[in-house]
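What follows is a set of structures for review.
You will see two complexes here that share chain A, one where it goes with chain B and one where it goes with chain C.
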Partner chain A sequence: METLTFSSLAPIFPELFLACSGLLLLVIGVLRGNVSTRFISWASIIALLIAITIMLGQGTEGESTAILNGMFIQNNFTTFMKFLVLSGLIATIALSIQYLYDDNIIKFEYPLLVLFAGIGMMIMVSANDMLSLYVGLELQSLSLYVLAAIKRDNVRSAESGMKYFVLGAISSGMLLFGISLIYGFTGSTNFEIIGTTLANELSLGAVIGFVFILAALAFKISAVPFHMWTPDVYEGAPTSVTTLFALVPKVAAFALIIRLLFIPFAALSDQWFEIMWFLSMASMTVGAFAALRQTNIKRLMAYSSIGNVGYALIGIVAGGEAGIASVLVYLALYMVMTAGVFGIILSMRRDGHGVENISDLSGLSQNSPWLAYTLALLMFSMSGIPPLAGFFSKFIVFEAAIQSGLYFLAVFGVLTSVVGAYYYLRVIKVMFFDEPVEKFDARTELPRKIIVGLSLAVVVLFILNPSPLIDISALAVSDLF
Partner chain B sequence: MIDFAILSLLIFLPLVGVAFILLIRGDENRVARNSRYVALYTTIFTFILSIYMLIKFDGTSAEFQFVEKHDWLPSLGIQYHVGVDGISLFFVILATLLTPICILASWNSIKMRVKEYMIAFLVLETFMIGTFCALDAVLFYVFFEGVLIPMFIIIGVWGGPRRIYSAFKLFLYTLLGSVLMLVALLALYLEVGSSDIPTLMASPVAQNMQIWLWLAFFASFAVKMPMWPVHTWLPDAHVEAPTAGSVILAGVLLKMGGYGFLRFSLPMFPEATEFFAPMVMWLSVIAIIYTSLVALVQEDMKKLIAYSSVAHMGFVTLGIFSATTQGVEGGIFQMLSHGIISAALFLCVGVVYDRLHTREISRYGGLVKNMPKYATVFMILMLGSVGLPGTSGFVGEFLTLMGAFQVDTVVAVFATTGVVLGAAYMLVLYRRVVFGTQKNDDAAAMKDMNKLEYSYLIPLVLLVLWLGIAPSYVMDKVAPSVEKLIGQYESGLKAKPEGTDLATAKQIKIGNAE
Partner chain C sequence: MISAITFYLFSAITLLSAIMVITAKNPVHSVLFLILAFFNAAGLFVLLGAEFIAMILVIVYVGAVAVLFLFVVMMLDISFGDLRKGAMQYVPVGLLAGGILLFELISVFAVWQFAKSSETNIASPTPDPKEITNTEALGQILYTDYVFAFQVSGLILLVAMIGAIVLTHRKRPGVRKQNVADQQARTQSDAMEIQKVTPGTGI
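Coming up: the complex of A and B.
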């Protein structure tokens, strides 16, 4: 038993800081009530920014640091993933503030729940033990269940919260069951010990346990066939919460999956290769074909996210440093593009009400050209057309796939991306080729403009210097192997 | 040589124009007028710059010239590498020539969303020039594929009644072909370890791999070309596109397919090319005869010219895949000539369309009486398209047929019937539109061409005649590069018996270098 000193806790400082600020803000919220929502939102953003600063300030010398008896780990990989998570959270809160007031969800708990979900995700990313994994995952999930249903008097929001909760609870159950099997057959919950035990002796029970864990995590990233909740929850939840769902939790879940597959379950790579291969193929197919007939833009984005999970999974199937690095690049760019798209979806308001049908975008290019051109570029980027950023994310993933000899998967992937291009183009078609309908409410506040602007800038200008992101991803991944 | 980065300047100059257009403020009319002028000046300046490049180009060398190389994605070894040789040089000129003409042709006919229209054309020009200059396969792909974005917008926003269907068809068809090429490109890149086009040309890959890679590249270029039976997007796109869109489509975009064959398929996959050449030649013959017959029964002027484009592109693929010096030179010349003639023909259609707003052949007739100058211009272009000696159309067709004849007499004989059919449908078109009685009052009342229309049609007509009479100006510059290409192709074939072994392939390469 190592002695616990304050300085030995350094790797977990960002999480601790966020937890403390979250609790402090909670007290302020309780004392001052819902009037403080705006203040607490901004305070949360500042807290997240400080957490990023603390995390990056620590730096790592390429060494993994495990603390708390190996429960919690910190290295370049976790730092990279946490950076994505934290920036995603900042973007969501910044995008949400005005929406909360517009849509009358003025509750000070909102930003705090986002903050606590964020802490859960950070623990997921850093988990090095089945127990810390579970605790992190549940902290995240419970906060998200509440967020999905935060509009209590709205039937759709309540329904989506309920659906998410019931299905999420089932997946948590599967996860716990899997963990208990793994613990029973390997005698430990620590990732490294599980890894060495399984490398020495592979038992059937452990394989079954592993499959349960994988199914539960596939639910979290909404990979087909565990995707059923995604369209309903995306559609029903308030749009700002959908933004959060689309941006952040998947990044954390992907980080977790990657660490699980390559540390405790590396010995099972023959088994998980086929599972991931199937998840990837199925997600790409469903994501592409089911999106074709959607009329609601949030549902469309839900299926688009399912499809994108499929592409990101290609990188995991490809494996190796190149494969995983490609997943990181893919996730980072996907997050940037999605932030832009949802920034625009949040601005789709008419007469003080949010509208979310694709047909509501009709003729947007004449009513608000800037909005239309931004969304058009984001859509072209999402369908992977060069010279926009989305092309490079697909390029890197397919390169990794071909490097591992996965020709079939790569060809299948590019073909579904053509199907996917159709529905992204449909959005563009509605905006540019159809006759204009009523204008949207003109007001777009500054934070949203900044985030959408940043997203657009990355999408368009990424081609000028794609190296940094690719190099940093490669560096982050080198710690895994 | 030129000591500044002329190719980068050519590629990115149109984007500077875009920046200026974005800065224009004021009321709608002022914005529209100023964007027109900015676009015109930018494209004309780009054209002048490209002419300067043409003058400085060393026509005796087969090497890539004006080469620029910068790190772009160093961790993956992908570079920003551009350069031109005799094969790409004139396609660059074609692109820079046709873009200002397109801007002029849209001067009065495009009235709504002028600013966006001009931006789309300038971006398109950047991508077109980039495609022909790129010497890195990934860079090539970026430009090649990027063309789809402005083209989709141009057809979809400013097109005819069925524009949405056509825009989607164009986009998805070409995208489907291109993504397969992307996979092949990645496979090739990982096999050779470089995406540098000259390096790829010098690094033969195993034969069975060549076959697959060739097929994937073929999927992309054949759609772009377009070859029968994947040509069906073209007539739709042409009919619905605004005049300038058709001009660019026929004039430059189709040539990207042929250029791709020359840059990738022939030098990089010689064995696969030899294996598939008979198939491609027969597809070309089918294209020539079938689409000519289809063109004969068209009632829509643009559709007729669109089908004639497919037939003319059939001659190009015929020449290229004969893999003889004459055939390839003929293919290149045919592409240039078709780029000018079909672009000009679409402009001619645009002239009468702007007046009568219909493309139906039967709505016209007897135009020679009220539009004699138009009839003259149209006649020269029509004869050029038919391939009359003295026009540029003749040179290309003659050379490609000569190339084909050396390889397969039967194919050449069938292809030659296409020349006769070509004469038939073009003459029928001309007779029905220009001669005959003036049965429609509104068609009879149309005014002859105005100064603006002269300004963009006359240069093209002169080019058609000049290239027909003195093709050597172009051919001399093209020839060394074609020689080198054929050399690469043949040395690739000679390496065949032991070529699958990388070590021997390298020895052969060294041997060739000596």
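Coming up: the complex of A and C.
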């Protein structure tokens, strides 16, 4: 057994730092009470920024370092995904600070639960062993269940937390069952050892175990047919929590799925190809058609996220370096666009109450033109209209699909995104051509403006220089194969 | 021979009491049957030579979890009859899903085989119980090879605790609480007022 020294733990320093600062802030919060909510939120943002700095400062020379008995791995791929996760968390907390005060959820535990969920997601991304996969996933999910129900006196928030918890517990059960079948067959929980064992021989039991694991993870990314919880949870949870759900956990779950499919279960690619193909098709269809009739903008975004998961899955089905790199680009741009859209949804307040129906946006172009034009650009981008960033993310994914000969999937994706364009454009139509209703409360504070501004800048200016993101994701993926 | 008899005895009682847990009309009886099931499961673990898990099962599950259930059942005013009313309509779907799952599992385990390399893959093989006790063997790997999973489990428990407090703790206004420091700091002048009473006038 290798001896454990402090310097050998270098790859896990960002997580260790976040865990320690989380504990410290918890003590401060307990001593000072809920008045310290704003301080703890900003302190969490700073802690996340420092974690990014530590992570990027280490750099990797294109090599995977596995530590802690092979349970935790660090390479360019994990660094890229963790960068996405951490910046998503920073955006979420920055967007929600004012919302917490507006909506009277002044609890110092809120940013801390986000922080602990973040540690769980980073462990998921870096998991190299079924045990660390499971503990990371549970740390993340448990924090998210509590966050969904954090407005406990509100029936819908409590209901969404309960629904998420029960379904999440079932998916955890399936995951554990699958892991135990895989462990039973191969005698190991380590990803690499499972990979080599399965490459040599296969049995029905291992395939079934793998399908159980995949079903549980499909639940986490809300791919159809495991998507039932998404609209209800998105609608019921406080909007700031919905922002978190929309931005971050799926990135971590995608990282986990990609690593699982290409390292331990690479030998089962014939089996998972069909499963992922179906998940992708079904998610795109449901995402496009079910969103048509929604009147609540949070539900609309829920179905939109289901559809977008379908598009991202096309890249996984296409496989190979180009396919996975396209998934990473897609996830990064989707996160940027969603952050902007939710920044605006969080600002939809009238008489001190949040409103969330699409009809509440009527005539926004006359009441607050800046808001309306920003949301219009973001919606154009989400529906994939050139030259905005959303067009490129879809284009890259479809291109990868065509290169792998998946013509049907690519054509189908284009068709569903045409259907999807209808409901994005409907929001624009409501904003610009409907009779104006009452104005929104005017106050929007600086952090939210900055996040929305950054999101808009990326969406509009991505066309000028798309190569850095594409190059970095190609570099990140090269560690995977 | 004797071990076979005890095995069948323990497992039969475990199964029967498990069935009673879900069929008993009185929820208190359900919890008591659950405790019986835990005890018998512990007996099965002892037969397997896993005395540590057996004792943990008795201490944690019987000692803490089941007693907590008993508290919940007895203290909270939940009408279990109402809860059970709607449950019957889901039985056919439940049986169907369970039946399919059972069929799948039987078909998996009927053709089950271990990978040839699984013997060599095992990271921490079970040591000979004659040379080392269960507790010692677990301790040797839990805090070394698996320290990462152990620590993250600690974080999970912390989050669970925070969650329980966030979702249930309420500040009740108007509740009189004892504050020892205030009591100690109280002086004669805070609590009493001495007035001179002149005879015949009153206060």
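Going forward, the second predicted complex is superposed on the first by the 481 of 481 C-alpha atoms of A that agree within 3 Å, B and C clash if a C-alpha of one lies under 4 Å from a C-alpha of the other, contacts with A are read in each partner's own complex, and residues count from 1 in each chain.
Everything that follows uses one rule, which is that contacts are C-beta pairs under 8 Å (C-beta built on N, C-alpha and C of every residue); 3 or more make two chains touch, one makes a residue touch a chain.
Just so it is clear, the model here is predicted, and its values are computed rather than measured.
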Original post:
Touching A:138 in the superposition: chain B (first), chain C (second), both, neither?
Top reply: second
**OP:** Report for A:172: first if it touches chain B alone, second if chain C alone, otherwise both or neither.
**Re:** neither
Original post:
So, A:26: does it touch chain B (first), chain C (second), both, or neither?
Top reply: second
Original post:
Should A:92 be classified as contacting the first partner (chain B), the second (chain C), both, or neither?
Top reply: neither
**OP:** Please work out whether A:403 is in contact with chain B alone, chain C alone, both, or neither, and reply first, second, both or neither.
**Re:** first
**OP:** Count the residues of chain A touched by chain B and by chain C, then name the partner with the higher count.
**Re:** C
Original post:
Should A:326 be classified as contacting the first partner (chain B), the second (chain C), both, or neither?
Top reply: neither
Original post:
Where on chain A do chain B and chain C both make contact?
Top reply: none
Subject >> Complex interface listing, chain C residues touching chain A >> reply: 104, 107-109, 111-123, 144-149, 152-153, 155-156, 158-160, 162-163, 165-167
Original post:
Taking the complex as given, what residues does chain B use to touch chain A?
Top reply: 72-76, 113, 116, 138, 141-143, 145-146, 148-149, 152-153, 156-157, 163-164, 167-168, 171-172, 175-176, 179-180, 182-183, 186-187, 189-190
**OP:** Enumerate the contact residues on chain A facing chain B in the complex.
**Re:** 365-366, 369, 380, 385-387, 391, 395, 398-399, 402-403, 407, 410-411, 414-415, 417-418, 421-422, 425, 428-429, 432-433, 463, 466-467, 470-471, 474
**OP:** Going by the contact rule at the top, pick out the chain A residues touching chain C in the complex.
**Re:** 1, 4, 19, 26, 68-69, 71-72, 107, 109, 112-113, 116, 119, 123, 131-132, 135-136, 138-139, 142-143, 145-146, 149-150, 152, 161, 181, 184-190, 193, 196-198, 200-201, 203-206, 208
